[in-house]
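Heads up, the next two complexes both have subunit A, just with different partners, subunit B and then subunit C.
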Partner chain A sequence: MIVYLLLVLFAATFLVLIVKRDEIAIIAILFSFFSMCYMFMNPEIMVFGFGGWSPPFGIVWVLDKLNVFLALLVTGISSVIAVYSLKYIKERRHRYYTLLCLITIGLLGVSLTGDIFNLYVFFEILSVSSYALVAFFLNEHAIEGAFKYLMVGSMTSLFILIGIAMLYGLTGTLNFADLASKISHDPPYMVALGLLVAGFSLKATIVPFHAWKPDAIEGTPAPIGAIFTSVSTAIGVYGILRILFIFNLIQINWVLILFGAITMLLGALMALVQVNVKRMLAYSGVSQIGYVIMVIGFGTLLGITSGLYHILNNALIKTLLFMGIGIGIYLTGKENLNEMGMKNTPLLICVGIGLLSLSGIPPLNGFVSKWLIFMASWEISPMLTAIAIIASALTLAYSFKIFSAMFLANRKIEAKVPKILLIPVIILTALCVFIGVFPQAGLNMIEPAVNALLNQNQYITAVFGG
Partner chain B sequence: MFEQWSLFALAFMGFIFLGFLIYMLGNRKSRKEEMKYETYTCGEPFPKVSIGVENFYHAVKRSLGIKDLRSHHSGRISDYLIWVVIGTVIVILLTVVWV
Partner chain C sequence: MIEVYVGMVLIALTGMYCMVWKKNMIKKVIGLGIFTNSIHLLLIAIGFRTNGIPPILTQVNADYFAMQAVDPLPQALVLTSIVIQLSVTALALGIVTLAYRHLKTLDTERMNRLRG
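Presenting the complex of A and B:
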């Protein structure tokens, strides 16, 4: 099944360029989403070996509830973006869809593989397609942003490669399950862990690895900005979680708590003073991922549950906002908040709900995960809860700035929004409200993923065939 | 964990909708004034003003050391690379010491 999924996506990547039909990419991405829905229903851990080699010698893809949850999120967001981009991207669309397929392959590969070097290969596919997508508009901002991302990204890729080489040198294996059974907590292993965590921190945009993001997102098409702030950062967090899982270090981790708290506050403060709407959302993405990193650092059941829940909510909200505000950019041709005043009631409602949800206002999905985050941090230290509440207040402040500039400004253009742009935004808004009203539905998705993360032995047993 | 929540959320949204409905109905029935009163400040007509986005949270910009924070986000690649190297060294050191 997984081989066909990869084949379909790779074939679509090239077919779009050859046949020049963008619909092929959309169908392939939708196919991957429905495949992931099917796999999510399966209660067992699924192991797929490549090339007839059995683990730990051959490459395996291991589908446990954690990475299938991530893959479902990746393909779901990619599907919505693929449909939306059909209207949003006006020129060189075939190249755009080729790159969109490639970035989806990269994200899927990183999340589903059970081999650390294979993870690196897909991480590079993801990175290279990301650099190209940042430079897609080929204007001054786009090329500058792509170059910065390329330089910083190359350095952290090198850190990941050195970390993998160290682990291979120390244990003689690349398989996650095999690594987990051979790893110790001696200083050389910890140095490798530090290098890998630092490497994945760039994708997760943890301070001080975050600086590339606003520059890159400023130049990129709005739907790709949505990928960077939602699923790409989620994959960075997944990388850190998987490495901690291999090291059996899902426990209280003050390094993550410290970096998470700083990221949360600094991202929100920087978002507050931005004038370019895409830069503001980029910093907002940095701030939201700070919450996730902090609570994952707690290592508690509630901490990890709230972290994964916030990954889900942040992905939905950020995609909604990037696509909603992207419509504003599409219609006005401006990204400066002072020049984006527009009049459109459905868009006002959708973006308004997105911003309220981002700020954690009940009864929307952002509130649910933030409430869980506050509870989780209260268990560790009330001081951390206070920091999280301050960051949340700052989020409300910059959300108001966006809403005011877009919909309450004096100068407004009467805007008629194309339906194909509005429908994906409405779907995401409905999901935000639905999860807010029925939080148990989201929790039912998260709980198996948390259990998979906390049960290392089950994973090892599944890979080696019991 | 969220047994009572859905009920509360639905009721909350229902009240918002009800409030909106009452507001709309009330607006429809009310007789609109033909003459519009202008706002006066110290005897002068108050000009229509709007605050530019740059001026939002101006006091916050100056008071929380954000100026310094912004100056560190210089946009220079060399600065970003140094941050990454320093960040990596700190992560490795803290991982070896704390974990």
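Presenting the complex of A and C:
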């Protein structure tokens, strides 16, 4: 089943270049989205062994609730972006779709695999296609961003490889479930843990590793910026969560809380002073991931629930904003905040809802997860709640800056927006409002994922018993 | 065995020094290659066994085989990793070529200064 999904995606990657029809890529990505919907309905943990080998020896893909939730999010966002890009990208579109298919394979593989070296391979597929997509426009900004991202990205990927080598040398296995049953908390294991977490923090953009992101996003097409700030960071956070899960260390962790709080504040402050709209949204993404890392550091049920909920909401809101503002860039050709005033009612409503949701105004989805985050941090320390509220206020400030620059400026361009650009934005806006009005719908998706994360024994028995 | 690990750490530090401190883009890419190869050395060293035999089951004595054979898995991992690093290096050199075409320099400091 999973093998066919991979085959379809890989085949689409090459067929787009050979046949030169972009629809193939869109159909393949939509197919992966619907098959993930089907997998999501299945209540049990599913184990797929490649090549007929039983779990500890061969490569396995394990689909527990956490995995499938992430894969659903990834393929959903990818398919929205695939439809949107059909109009947005004007030149060399076949190469763009090839890379988009490849990045989807990477994201899907990292989220679904149950083998740590297989995770590294898919992580590299994701990274290499990301570097190529950053350089896609081939202008100075794009080249500079791509080179910076490539250097820091491949260095931290190698940290992951050292961590994997150390774990293999210490335990003699690469399977997640097998590792989880053999790992202890001695110093050498902790060094490997540190290397692996450092490697994934680059994708998640936690503060000492955040510097590549604004530079990279400034050069990319806007929809790829959406992938970087929404699902690519989600995959980074998932990597950290999975490593902590293997080490059975889902508990209060002041290092994560500290770095999360710093990320949150610094990202919001840096976003305030930007003049380029893409850079501003990139820093905003850094800031939102700070909340997630902080609440994951609490290790409580409420903390992890709110963290995963915020990953979902951040992915929806950031994709909506990048695509909405991408329409502005498409129409005006400008990225500077002072030059992109425009007049278009549907776009105003969508981007306005996205910005209100980003800053956590009820009854939108951003409010739900932020409220949960405030409650979770109140349990640990009221000080952290205060920091989170300050960061939230800063978010409102830069959101208003974007809104006023786009829609309240004097110099206005009256422009007609192509429908194919507007429909994905409207779908995401509807989802944001829906989750805000019915928060239980989102919680129903996340609760099984949190239970899967907190129950290590269930995972191990599912892999070896099946 | 300890010499191999010490050597690996030294090579890795050399590679990281190249990647972080050198200003020339090509030298940074070379540093990346050095760092990668040090990790390949680490992986091979993990699978090494003194007086080991090739991991191909020709004798019937499975116990002797399990005692003496070299671990083949790290070598498979290294082969995979080499292929990945090949593609990363190719992409990096492609980007360096484009950077030279646009900026007429390979100096990363001057690249930053151009942006202002």
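In the analysis below, the second predicted complex is superposed on the first by the 465 of 466 C-alpha atoms of A that agree within 3 Å, B and C clash if a C-alpha of one lies under 4 Å from a C-alpha of the other, contacts with A are read in each partner's own complex, and residues count from 1 in each chain.
Note that a residue touches a chain if its C-beta (ideal position, glycine included) is under 8 Å from a C-beta of that chain, and two chains touch if they have at least 3 such contacts.
Every value quoted in this text rests on a predicted model; they were computed, and no experiment measured them.
Asks: Could you say whether A:272 touches subunit B, subunit C, both of them, or neither, answering first, second, both or neither?
Replies: Only subunit B is touched by A:272; subunit C is not.
Asks: According to the stated criteria, A:155 is in contact with first (subunit B), second (subunit C), both, or neither; which is it?
Replies: It touches subunit B and subunit C both.
Asks: Give one of first, second, both or neither to describe whether A:363 is in contact with subunit B, with subunit C, with both, or with none.
Replies: First partner only, subunit B.
Asks: Quick check on the superposed pair: does A:165 touch subunit B, subunit C, both, or neither? Answer first, second, both or neither.
Replies: After superposition on chain A, A:165 lies in contact with subunit C alone.
Asks: Thinking of the overlay built on chain A, is A:438 touched by subunit B (first), by subunit C (second), by both, or by neither?
Replies: First partner only.
Asks: Is A:187 in contact with subunit B, with subunit C, with both, or with neither (first, second, both, neither)?
Replies: After superposition on chain A, A:187 lies in contact with subunit B alone.
Asks: Which partner, subunit B or subunit C, is in contact with more residues of subunit A?
Replies: The partner making contact with more of subunit A's residues is B.
Asks: Going by the contact rule set out at the top, does A:211 touch subunit B (first), subunit C (second), both, or neither?
Replies: first
Asks: Please indicate which partner A:253 is in contact with in the superposed arrangement: first for subunit B, second for subunit C, both, or neither.
Replies: Touch partner of A:253: subunit B, not subunit C.
Asks: Tell me which partner A:338 touches in the superposition: subunit B (first), subunit C (second), both or neither.
Replies: first
Asks: Using the superposition on chain A as set up above, list the residues of subunit A that contact both subunit B and subunit C.
Replies: Looking at subunit A, the two contact sets intersect at 147, 151, 155.
Asks: Inside the complex, what are the residues of subunit A that reach subunit C?
Replies: Residue list for subunit A touching subunit C: 117, 121, 124, 127-128, 131-132, 135, 138-140, 143-144, 146-147, 150-151, 154-155, 158, 161-162, 165, 168-169, 174.
Asks: Spell out the part of subunit B that touches subunit A in their complex, as residue ranges.
Replies: 1-2, 5-6, 8-10, 12-13, 48, 50, 52-54, 56-57, 60-61, 64, 66, 69-70, 73, 75, 77, 79-81, 83-88, 91-96, 98-99
Asks: Which residues of subunit A touch subunit B in their complex?
Replies: These residues of subunit A touch subunit B: 147-148, 151-152, 155-156, 159, 185, 187, 190-191, 193-195, 197-198, 201-202, 207-209, 211-212, 214-215, 249, 253-255, 258-259, 266, 269-270, 272-273, 275, 336-338, 362-363, 368, 397, 401, 404-405, 409-410, 436-440, 443.
Asks: Could you please specify the touching residues of subunit C with respect to subunit A in the complex?
Replies: Counting only subunit C, the residues touching subunit A are 12, 16, 19, 25, 28, 32, 35-36, 39, 42-43, 46, 73-74, 77, 80-81, 84, 87-88, 91-92, 95-96, 98-99, 102-103, 108, 111, 114-115.
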